[in-house]
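Take a look at these structures.
After this come two complexes, each holding subunit A, first together with subunit B and then together with subunit C.
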Partner chain A sequence: MTDALYLAWRYLAYHKVKTAILVTSITLIVFLPVGLRVLVRQSEEQLTARAEATPLLVGAKGSPLELALNSLYFEGDVPETMRYAQAVRVDTSGLALAIPLYVRFEAQGHPIVGTTLEYFQFRGLQVASGTGLTMLGDCVLGARVAEALDVGPGDRVVSSPESVFDLAGVYPLGMHVRGVLDFSDSPDDRAIFVDLKTAWVIEGFVHGHADLSAPEARGQVLQRDSTNVVGNASVVQYQEITAENIEEFHFHGDQAEYPITAVIAVPPDQRARTILRGRYSSPDDLVQIVEPTSVIDELLDAVLTVQTFVIAAVAVVGVSTLATAILVFMLSLRLRHREIETMRKIGGSRASIGWVMVSEIVVVIVVGVVLAGGLTVLTSRFGSAVIRAVIF
Partner chain B sequence: MYRPFMLMISASFLTCGGGDARPSTGGSEVDIPAVYTVNYPLQYFAERVGGDLVQVEFPAPPDVDPAFWTPDAEAIAALQMADLILLNGATYAKWLAVVSLPESRMVNTSAGFEDSYIYLEEAVTHSHGFGGEHSHEGTAFTTWLDPTLAVEHARAIADAFAVRWPEYEVAFASGFESLEADLLALDRQIAEIVARDPDRVLLGSHPVYQYLAARYDLDLHAVQWEPNEAPAAEQWQAFEALRADHPAQWMLWEDEPLAQTAARLREVGVEPIVFDQCGNVPRAGDFLSVMRQNVENLRRVYR
Partner chain C sequence: MITVESLEFRYAEGDFFLRIPELAIEEGVNVAFIGPSGSGKTTLLNLIAGISLPRAGRIVTNDVELTLLDDGARRNFRIRNIGLVFQEFELLEYLTVLDNILLPYRINPAMRLDQTVRGRATRLAEGVGIGDKLSRYATKLSQGEKQRVAVCRALLPDPTIILADEPTGNLDPNNKGRVLDILFEYAARAGATLVTVTHDHELVGRFGRTVDFRDFHQSARGGVGV
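This part shows the complex of A and B:
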């Protein structure tokens, strides 16, 4: 038995290229469906964990998936906005803590998340360096953003205009980096957090400019009477909030009408959760309430369907690869008939020669399976980090 | 806005961690909740309602008008750690619009009487871009000068305390009732004094007496003078013009005016008296003693 294994090993070691091709084929045949399953399961866990940690989402009627992706992962298209009054509605219902979100703008490719201080407590986010949000115009960076932009407390980040062709649109706002959050292994790592009011500054609903009623602002006034001053196009809004101009910042219109993309509703118990859901059941309501777990489960169902097709395809490829490997072994036997004849002439029995041939096949299969197992272990260990890097 | 359930939920957040240290009673066996206020009247009301059960802090320095003060980063950090932040509402403390504070721990103590807010008529609006006309002025905010509104502030505080710390509800109710009795006594006294001459015309050195005037139907017109600054010539001219229409013999001041200002006022037949709005911690006494002194000063006017 040992002799047969030794001879098989020597043969495989001598024909390195052929052996490597066979082992690689076996490894891939085994690893691809198993590894894919592991990756999909880990993706599921990552997505589901974030959704499970978010009890309810309130947003404008439209795609629940868009709402969930934007609010949980700061990904995808910006959902329809709704009035801030909807956050007040959740708040005053007495059924849940309301955490408003306005996820629309970006700074150098990173999403700007406008929210309230409750968000940080809700997600358990801690400041690693610097401080939390303090004044209008401040921002706090997720760990990955700070790393990618190479900025930290005391630095400045500028919001990106939504369109380079929209000259009259959203002004870029220079934001002061107050702090950097601890690495949280979540989408929060690649977000820039600002106070909701700062997000409204970016949009222009809250802004600062020179006092139009002051005599020195005469050149910026289009029309003036005893009760109203109309500014002309030369009124320049401040593009950075400083200690000198912060008092000039003011709200235009009713804050209740300002836009937000979602409200995270955190009810204290199941009863409050059910009652709150019931309050949004009217078809005439302009907003919807969704359970992120349901939305993400639906998404994962679709992913699982695709996964089944992929695994079926991999299985077909695997079968054909296996058939090719068997053919390789059979052709190899035919090509090796002189070698087999020699083994027989020097006294090898049919059984011994058969053992050598079988041992070669077994060694190739075992090595291939072991390598596939190793790759699967690596995938399960580091796959989640790769998934997070890709998803988050 | 008053949000009882939200306070409960945010309370449960706090107990669940988040890792922040509270600015309260380190070292003591019982962790006394930290309550922050945006002006002194609210601090006084909270202390009367909460007694020793809460630690009430008012972070503004003594030499500023809290309505126009902006807290520094250190004060904001302390406010962010507070268990409860009591707001005056009625656009008081405009700095609230430019700082980040935990919404769920803020209570607008005048939310219950928003329909009683007095909107400033003389504010100049402006417009540019989208959003239409708007004003930077807002509403009159010295709501506590109407003792009945002060009672409503105190009631909102008692309710907020009871929701957040229900185990002390009886003690809070008792503190509130005692305060309510004192405030309503003030109300009765002022009403009795004013009733002696309801048509008496008064002047105010500053536009801060709107709620007082509204409560007692006072014929009061205000200028914009500061007690520690001598009025300029044009301000005296405007004053004379105002007096032509409103021949008042008494002028309410937030604090003692400069001697030269008082002398010139007396020359033209106007006697200055102090009616301290008490927005910040008084140099002596407390809110009630200052208001009682105000009542005594007012008694001179209607003698």
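This part shows the complex of A and C:
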């Protein structure tokens, strides 16, 4: 048996290309379905963990999936917005802590998350360097954002305009980086956090410009009456909030009407949770309350169905690859007919010659399976990190 | 001693027919099988080696009647007692020179590969001038070197009979002489019987005995051997 394995090994080592192709085929046949299952399972765990850590989400009526993806992972389309008053509604209900979210804008491809300080506590986020949010116009970066943009405390990050062709739209705002968060292996790593009011500044609901009531601003006034001053086009809005101009920033309109995309509702117990859910059961209500776990479970059910199809497809490819491998082995046997005949003539035993031929297949299969096993172990060990890097 | 009595053989297909009423090859002699192509020289080598079985008759090699042995026993007998040399060398391309020489010890559990055998293989290779090429693949050798490797493979188990089927057929004159020298030297030293098929009449004179297959009458319809 040892001699047969040795001869098989010499044969495979001599025919390197053929061996590499066969081993790769066997490795892929074994690894693809197994590795895919491992990756899918880990993805499920990652997605589910975030959903399970978020008790309830309140958002404008529409797609619950869109609401969950935007609020949990800062991904996908921006859901319909709702009034900030809805956050106040949750808060004043006394049934849950309300953490408002406004996830609409981006800075160099990274989502800007407008929220309150409660969010950091709720998610257990720690500042690794610098400080937290202290004033309007500040931002705190997720760890991966800081890495990707190569910025840190004291630097500046500029929000991206929504459309370069929309001159009347959202203007870029320069934000001061106050701190960088520690790695949390969550979507928070790739987000830029600002105070909710800063998000509204980006949108233009809060803005700052020179005091038009001052005598030196006379040239910038279009119309003035006893209660109102209207500036002309020469009035320049501040694109950055500084200690010098922060007093010039002011709200227009009722803050309760300002937009937010979601409210994370954190009820203290199951009873409060149930009552709160009941408060949003009216079909006339303009907002919905969803349990992220239910939404993500539905999503995963759909993924599972897709996975079944993918595995079926992989199985079909696997069978055809296996058939090709068998064909290669059979052709190999035919090519080795003269060698087999020589061994027989010399006096090689039937079993030994058979083992030499079988060992070629056994070695290829064993090496292929071992490699597939190794890849599966690597996938299960590092798959989570890869998944986090890809989906978070 | 090789004894053939009342031998009849034919292949499953074709009309080839070999009949040898009697043939005795004494122990330790060098015999050349000569005759035209298709006259049955290689066939008789295969019968003596127990590779093929006759339809009728007896073949006794080293006091063992091969026709009475089953396939496994014949293989064991062959690998222990008979060294085979082929015209086309029949080396395994994926093995080095040393591994090719050691091949008989890897393909039959009746043979045990140990350091003694390895040492003998190395000395054998050195004796025929290929000691510095042990780690080379057989494909990287000249024709003469390949045949010397094949001869080493045949001689390693210390056979008492060497059956060589046109061993010099693919060699230049220098190598022809050298390979035959190696075979003759071994046979003389070990007291082994050397049976060689050859078409080369220049070499026939070196053999102690010649068997001309034209003396055997062959007929698909059962001619009588002379």
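Criterion: the second predicted complex is superposed on the first by the 392 of 392 C-alpha atoms of A that agree within 3 Å, B and C clash if a C-alpha of one lies under 4 Å from a C-alpha of the other, contacts with A are read in each partner's own complex, and residues count from 1 in each chain.
By our rule, a contact is a pair of C-beta atoms (placed from the backbone, for glycine too) under 8 Å apart; a residue touches a chain by one contact, two chains touch by 3 or more.
Everything quoted here is computed from the prediction, not taken from an experiment.
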Go through the superposed model and pick first if A:Tyr14 touches only subunit B, second if only subunit C, both, or neither. second
On the A-aligned overlay, A:Tyr6 touches which partner chain: subunit B = first, subunit C = second, or both, or neither? second
Looking at the overlay, does A:Gly348 come into contact with subunit B only (first), subunit C only (second), both, or neither? second
For A:His250, is the partner it touches subunit B (first), subunit C (second), both, or none of the two (neither)? first
Broader residue contact with subunit A after superposition on the shared chain, subunit B or subunit C: B
With both complexes superposed on chain A, which partner does A:Leu97 reach: first (subunit B), second (subunit C), both or neither? first
On the A-aligned overlay, A:Gly109 touches which partner chain: subunit B = first, subunit C = second, or both, or neither? neither
In the superposed arrangement, which partner chain does A:Gly374 touch: subunit B (first), subunit C (second), both, or neither? neither
Subunit A contact set shared between subunit B and subunit C covers none
Contact residues on subunit A for subunit C in the complex? 3-4, 6-7, 10-11, 13-15, 338-339, 342-353, 356
Using the touch rule from the top, collect the residues of subunit C that touch subunit A in their complex. 46, 49, 51, 71-72, 75-80, 82, 84, 86, 90, 92-95, 99, 103-110, 113, 137, 153
Flag every residue of subunit B that touches subunit A in the complex, lowest number first. 1, 3-6, 8-10, 12-14, 17-20, 70, 73, 76-77, 80, 94, 97-104, 124-134, 136
Within the complex, which stretch of subunit A touches subunit B? 88, 91-98, 116-118, 120-122, 124, 126, 131-136, 138, 195, 197, 204-206, 209, 212-213, 226-232, 235, 241, 246-247, 249-253, 266-268, 272
